[in-house]
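Shared chain: chain A. Partners: chain B in the first complex, chain C in the second.
For the complex of A and B:
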């Protein structure tokens, strides 16, 4: 069977039981916890249950949701992309430098997209063809990318400032129509693209097959190597989109987000809390939405309650532990789920 | 009070010492050249690659070149574990002077004590540790916190017709500047009950976190009067959130910083309104001079810490805006 036929065969097989049954108990627990938090915050925090605050929640969580789309697709294929935040900062840096030096926005965007596609391809090549474990390959490529950009392009600087006076920067951070901002629109578009990739494209079926049993997928003749390329290139492009909106909104590209920040852990937290197991093979857009919703609601509520950053980190960790313990109790491990990499 | 008097006395004594050196400039340089050439100085900043530390290093290198001593810069790249390792390694190399930029009041306290006990003179720059050492050159954070708080009271307090609501965005709650500025500011606000601090959340020095905090707080308190960011770099994010919310005319954005040209650009663009600059370029020169003095054996009579307070420049938006207050690398 050649790889195209195998992919078609995979596409014709019934969709795996994603999002239903005992396997997604964590997703349900987290969804219920989110709803409980919304009700509690609505009654206890002044200004929480308003339309304006909903817009702030959506706008503040846009980059996290977009990054989570990229990470979720990688994890479903039983991979891991530790270079996601480095790619986000790299894409925004390339775009920022080009528009600051007078290059038109479409040309700058095109260069940034090409650079990210090349980087995603290199990650995939290391993983699929050189056969380096995803965690090590993306960790090393992340270090390489940050070092290259800081010392070869930014000449040691940690920050690249993007003035709001630049019309492209203002466009990326502003409203498309009153009440709907560009970051929110891009978040919805990325979620839709992720849904399409996982549910309507034939590569989506291969991604689930790779996550379920990589060796079986390969032995069945599925195009696991080209699918790996699609997965990591998709991840790189989501990182670029997240980088653009984050840089435009805050007016800065900050390399400390890679070296010192907790964003990568937040992204993995969203994916895991949403119910996508690190061993892959299960999950979808609904899981991403559930995970992002919990983190975004918690972050917003805790900021409104004036909790310190350290307290917020502690509570986020506590929620993660509670969710996993609850899931473990409601969904005990059995011969199928107790595999390497399972949470 | 005796402590404060002591501080004032030490500051005055150090200023007189520096002034005297400047007055008899050429003789001192010639003498210093012969005395301190070949000595070793190690500088461990929180991170290079920011205008503040690059500005200091540039001026200190100039002094090292003039006097013929070596200056090694060891970049901790915003990593506190790396910083502790770099300082430990620097101590093992027995430099004549060690210059440290403390990320928190506690992190390097034990190592500063160890270095001093081994005869290495430690100059703390801009951010002070709990542990005193030979010298400190940097901003007077108590004064900055107090002055900004007093300005906020003037703009947002009784008789201003404003809500009196203030959001504070420190860098880290345990960083020396944040600790001291918050103490000073709250002391002022406590005397003005009309001022209400509605938010006091650290941004970890990141513009994006400052932006998200500000966007959320503005939603809950649309009548917010002022934001006090503890560093102009992360306050860029807060200022952008204010601008995006269309409140640039009603919310005053205050910050502090090294006063490079980026600060003036932020004020010019209406991202920030008032920046208390401690002039990193001038600090670099002061630090270089202090290193020269330490290498020549300068010390206070009672062995207490020599202190040089950085003069302030206040960069304000509006008619009085003066871009010449900022320096360029």
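For the complex of A and C:
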């Protein structure tokens, strides 16, 4: 009798939902911080809380959001793609060179996509088959790619100018229907594709399993190598989309975005602030949206307040440091399972 | 009663002075620890060779001095990164930190007009401050190192740009000149620039720190395994904090040297430096390896990248092409290194077995005694302690008739007289106890594979006598450790003679030594009086059983794969062995004295013509071990064995075979005691006891040996 009662009692007690409430704490903190920033900026900055500015924020953050999608998927699979910006520039360069020399837009796009798929595949091959750590492999491939393009195509130049009058360029930068621009549409499409990849495609399950425990996923017989290929090809394609948007908006492909590192930093910032841990296995599209929202609002507000780029960088650095310290306070690492590989 | 042995008339056994084989040298080199540092070294050699082939006068003194001048700051930053990586972190902020420290030095020198030592101190402090921020967040708070240092990298870079833009005009218009400042920047000491000497000193200090100091060991322990370090009582967090601060100080020094040399900073100072030094570190360490303080390897990696970079720019290549090639080269070096690391043990395994043509000769002196010619006499053996002992390789009887044997699980058992039915533990030794002998004081001396020579008293006290001998000349691998102590006997003066059956294989792989067929074993001696171990005779073919002759002047040693019994003259050991008996039908194991002045020789297994033929063809055996699963290998016949009776002059006079269906297999040892023969087998779970017809029923081993002399 007693034992039955005890068993009943045990069954009645709700199992503690360990970590469920806390796991997304950083995401919530960031969401609240974003709202606070919006309120503060609305009162302190003239012209912040207008529909026009909202449209500017959306258009300007489109490429950041698209890049973050690629990076987030890679990071969830416990990888890291430091060649993302190099790929972005590469995709835009290939496309720009082709349409400048008179190739039709669909053909140019096709060539650019194929090139990106090949490059994403090479990254994944180095990581999954040659087994070079992702950080080093993508660092080296980034150097290689930028060097190759500048050497072979740009002949040492830093800048590739695109004809703004070109209908394709205008199409990529313009509005589809009044009020919704092409970049915003592509951003929404990429977010939807990311959501599908992570939540509805079987690869998504493998991605989360790899991020949680790579060895366990491999030993369970999951196709970790082919999934790695999918992940890096996906990030290469997002880089291409972001590159097209950015090139069309500014009318130029600027290789200095690779060397100064600010954009890569912003992308990592978005992913981390959104609450996706670098060790992978957690997070989703919602985290990307939250992260992008904060960075986009911050960038917009600081630009409206006429902060220099250096000041903006410094403030973003401080935000990152605050965020990881907060995250560490909210989700302290377990000293028993903490390993050296987690950087 | 014993027959005198006519030693000088016996044929000499040829023993090679040393064994040289390219395959063995390759295998031995592959199993060395330093082989992992070989790849960065080879990469450096390739780069140097490439530069030599394409550029004239690159390695002349003036150019080398020039290189050394600019190498200092990069080299120092690589060392700083090494310290952080060794503790298990990463520091992306080194480039910004470098620029900031250089700016602080210029600011203190030109604007504040401080004396140069104070400027140095300020630079170091600036570096240490950024290191301390990193260390506080990544170490004390325990946040991720990559993000933390990414944050400090961006923040510091922003601060630096703001500060340097504000002060640059004033700094460049300052006219202060200081002798010490210029000495640091431009002078040469012993033909090399001051900065290079600073790099050398810091490198030596870091090397000493990792090798000799407590904090250095703590850093490596934390980097190797944080959890183990914490459980070992190391204060992990403060160790990480210290490593970051130290790295910051080194970067600060580097920034100071840069400032003294350049006397200016620009907006691009230190940009991309973290990638450059990370590349150098990766090439040097062969991947991103925490917990290794390989200062020399990392500096080699740095030299490789630095010279490559420099030579390409000198040769007139554009920066973009250099970038392209660097990316490709890093990928190639990493790929080679990762693959080499992963497959090194496979390469080692496929080259380790190094067979040689080997001929044990024809079977001789066995007419009328072969298993098909006589009745299997061991069939009548009484079985003792069945299922109670696991693998009694050797059996030993004391004067009271108690039986001792070692077992596979590392115990020494005693089976009490008279019925020997129950096995009780005398001592737990560990390892794999093999040969046993009683010394004059009635203690058991045991050869233990994997340990060495062990002495056990009758109340179970275990004492390790020796586990090392002299290192042989011309061996790539350290062969001082006694790997497979097999059997022993004790000389009249108390010297223990024992065999190390093979220097190349552990006991579980003894079969591979047969497939190799090389002289890998040695005869050793241990003198309890001086506690000295000596190699009596190196390069014997699987020396196994050891037995002192009845006359107390000669030593018999079974050479198992050679199917022969060797004999040494104790008075002239250096003359080497002669062959007492060869052409045995099986593989001799232990040898022991018999009551009638002869000897008992255990045969662990039988030769067969097919395997004898395979022994003459090393290629067959090498291909077999590579392509055929071990269960299907050709091997000697271990299913049948027996005991040979040899007379005092070395002639086989009788044979006791076991029946094909048992009950005993693979006999490795036998002892005569009061007219009975006790039989042990390394794979048996029992001990056999055979009544002998023509034996002295009062003869006991220890008394006949020690009793007659004392």
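Some notes on this structure:
Rule of thumb we're sticking to: the second predicted complex is superposed on the first by the 313 of 343 C-alpha atoms of A that agree within 3 Å, B and C clash if a C-alpha of one lies under 4 Å from a C-alpha of the other, contacts with A are read in each partner's own complex, and residues count from 1 in each chain.
Note that in this section contacts are C-beta pairs under 8 Å (C-beta built on N, C-alpha and C of every residue); 3 or more make two chains touch, one makes a residue touch a chain.
It should be emphasised that the depicted structure is a prediction, and the values quoted were computed from it without experimental measurement.
In the superposition on chain A, A:150 contacts both chain B and chain C. When both complexes are overlaid on chain A, the residue A:164 reaches chain B alone and has no touch with chain C.
Contacts of A:246 after superposition on the shared chain: chain B is touched, whereas chain C is not.
Contacts of A:174 after superposition on the shared chain: chain B is touched, whereas chain C is not.
In the superposition on chain A, A:325 makes contact with chain C only, not with chain B.
Of the two partner chains, chain B and chain C are each touched by A:259.
By the touch criterion defined above, A:50 reaches chain B but does not reach chain C.
Contact with chain B, but none with chain C, is seen for A:59 once the two complexes are overlaid on the shared chain.
When the shared chain is aligned, chain B comes close enough to touch A:307, but chain C does not.
In the superposition on the C-alpha atoms of chain A, the part of chain A touched by chain B in one complex and by chain C in the other spans residues 150, 154, 156, 259-260, 308, 310.
By the touch rule above, chain B contacts chain A in their complex via residues 47-50, 54, 77-79, 173, 198-213, 215-217, 219-221, 233, 236-237, 239-241, 243-244, 262, 265, 269, 271.
Against chain A, the residues of chain C that register as touching in their complex are 88-90, 137, 141-148, 150-159, 161-162, 165, 223-227, 230, 271-272, 275, 278-279, 282, 287-288, 290-291, 318-328, 330-331, 334-335, 338-339, 342. Interface residues of chain A, counted against chain C in their complex, comprise 126, 130-133, 135-137, 139-148, 150-151, 154, 156, 259-260, 262, 265, 268, 272, 278-279, 308, 310-318, 320-321, 324-325, 327-328, 332-333, 335-343.
By the touch rule above, chain A contacts chain B in their complex via residues 46-47, 50, 52-53, 55-56, 59-60, 150, 154, 156-159, 161, 163-165, 173-174, 246, 249-252, 254, 256-257, 259-261, 299-300, 303-304, 306-310.
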